[in-house]
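Labels run A, B, C and D following the written order; every chain starts at residue 1.
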Amino acid sequence: MTAPELAVSTWFNTAAPLSLEGLRGRVVFLHAFQMLCPACVSHGLPQTQRVQNIFRETDLQVIGLHTVFEHHAAMGPEALKAFIHEYRLTFPIAVDQPSSEGPIPKTMERYGMRGTPTAIIIGRDGHVEYHRFGIEDDMVIGARLATLLAAPVPIDATTAQDTGCTQDGCVPSAGPISNSKAGS
Amino acid sequence: MTAPELAVSTWFNTAAPLSLEGLRGRVVFLHAFQMLCPACVSHGLPQTQRVQNIFRETDLQVIGLHTVFEHHAAMGPEALKAFIHEYRLTFPIAVDQPSSEGPIPKTMERYGMRGTPTAIIIGRDGHVEYHRFGIEDDMVIGARLATLLAAPVPIDATTAQDTGCTQDGCVPSAGPISNSKAGS
Amino acid sequence: MTAPELAVSTWFNTAAPLSLEGLRGRVVFLHAFQMLCPACVSHGLPQTQRVQNIFRETDLQVIGLHTVFEHHAAMGPEALKAFIHEYRLTFPIAVDQPSSEGPIPKTMERYGMRGTPTAIIIGRDGHVEYHRFGIEDDMVIGARLATLLAAPVPIDATTAQDTGCTQDGCVPSAGPISNSKAGS
Amino acid sequence: MTAPELAVSTWFNTAAPLSLEGLRGRVVFLHAFQMLCPACVSHGLPQTQRVQNIFRETDLQVIGLHTVFEHHAAMGPEALKAFIHEYRLTFPIAVDQPSSEGPIPKTMERYGMRGTPTAIIIGRDGHVEYHRFGIEDDMVIGARLATLLAAPVPIDATTAQDTGCTQDGCVPSAGPISNSKAGS
């Protein structure tokens, strides 16, 4: 399955918004969590921080996704900001867009996540290669990421990165310049 | 040092407010924490819950104290309520009264706490017998509590419990002494 | 139940043999283990070392008891000596005397232990106050020890300590009192 | 560096002896340990067992290597056999051949290992790709193994596996080539 695009209302720990389309060609580790979810705090987030540290010299992109589906008042962006600071999280973190139709936010809905913590790994071709709710061994995560990182970068990935536009916004790029770059 | 009275704005997990004066004659384990303090979440609160479970058949009183001294907006009573629910905490939890003079709440100030987590043990005679900032072994906590629980109940403790009046309010009681006190 | 005396073939980490009769008046923490028992190595022995460290300023006596009931060839005194060295165990350790009648050594048989690890706590009066097979919380162990340590030393305990004689040998002593006692 | 062949005096958990030459074309995870090495027991061996379980459907070969360099009397094959049984280790385990020249056994010497635990990973082409003394994250081990497993099997690996002869012995095979080789 092709990974649905992220629907994000706010980003932390990144100078510019990220999008899966803009990241095409790279492997993405997506960790869905809630700041008041005990298993996320004790297991999922420390594991995600280890992924960030251990794979820092690869082209893996780690993204935390705050998928609030309960206690919305207690887990707003201000609270999340304090949480990120206190837990020393250094990877980019996206706030999943609330839905107007119910408590499940949009990205969580698109991926059919059962709850938090959920780990999702997206391969270089943009497909979901791993999707798991709950707690997983570090060794399994390390192996799955390395296997996907060992795959060759798809031929059209560079082009996709140049545009970087998604339904949620665009990563700066500028038409003729990137065209001439690609064409030269 | 005689344990200063708690200054509490809100209670959770108790039908009626507690006070140290009302608890005179019993040993009290007081755990000061903040819901966004990592060492409290990973160590202090699980330890306090173990105290609650292991000493449930003694007359020990466990009290959690939410001493918010930073990120006040993110740790209000609504957020704490959700936190208590998600972490399945079953002991009485008091919200330390904010101070009008600075970020340190009143009880934290009275006890001269350095930060969170802090564990305080109060003996049957109302004196502070143990005060420690940071992480402590379960075995040490178990031993300190048992030693204090082995002490005889002071002769005047029953009287103190009967009145149950503190500067923060009164626990219902019915003698002429507390009436005259309240009425004067 | 009065704690049966230890039947010991070899001692480590002590200048002179110990005996429960010689220790009368003191609380004793007895940890029965085998060096090839996984739960002993991962849990029981580290816990016993914590007991030794945390209660070092009390009159508690910690004793490890190597109760070999299987793989006898692999767990002889030479192997145990290397094990004690590598695991940095500092409390006195006794080798339970093998039985001529079966694989269960003598002290293990006398106490009716189910297996290893087993923790036994003996009070100041020489009675078994706690006997548990398996894994126990540090907090429970700490509390049980402190409660028993808080008990007054029995009046006749000093005398018992003076003699220090048991069926397994005698701790040196030299007063007319113990002589007259032994002679009466 | 090409991985030196193993020098083995005894094998456990395998019907036939293994050799690196016979395993050419496959990735090998080699864990050097001693049964009385605390970090091996608490960390290295459980990690190796996780490698065995998690990669069981790949062609990875896990090998434990008992490299005794101290307390030789306490860690003979009989003791190791009991240890393997009690710790429920299921991967093949080789006893490193003692050296006539000193306490360091032969394979440990050939690899220049500093001590135990040591983890070594050998790639499909027979080269040492990873060599580390001490404790390593599961995630790193998982990633390194997966990266090497993702490499193509060398063209000549099948031939090497067919012969299966090493300086330590031969795995049964039946072609005239290996016969002539052994006979020459």
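What we mean here is this: contacts are C-beta pairs under 8 Å (C-beta built on N, C-alpha and C of every residue); 3 or more make two chains touch, one makes a residue touch a chain.
What you see is a predicted model; the values in this text were computed from it and never measured.
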| item | value |
| --- | --- |
| Chain C reached from chain A - shortest hop count over touching chains | 2 |
| Rounded Å distance between chain A and chain B, as computed from the means of their C-alpha atoms | 41 |
| Rounded Å distance between chain B and chain D, as computed from the means of their C-alpha atoms | 56 |
| Shared-contact residues (touching 2 or more other chains) in chain A | none |
| All touching chain pairs, where touch follows the definition stated at the start | A-B, A-D, B-C, C-D |
| Chain B-touching residues of chain C, taken from the complex the two chains share | 47, 50-51, 54-55, 137-147, 149-151 |
| Residues of chain A that touch chain B when the two form their complex | 36-38, 41-42, 70-71, 73-75, 78-79, 81-83, 85-87 |
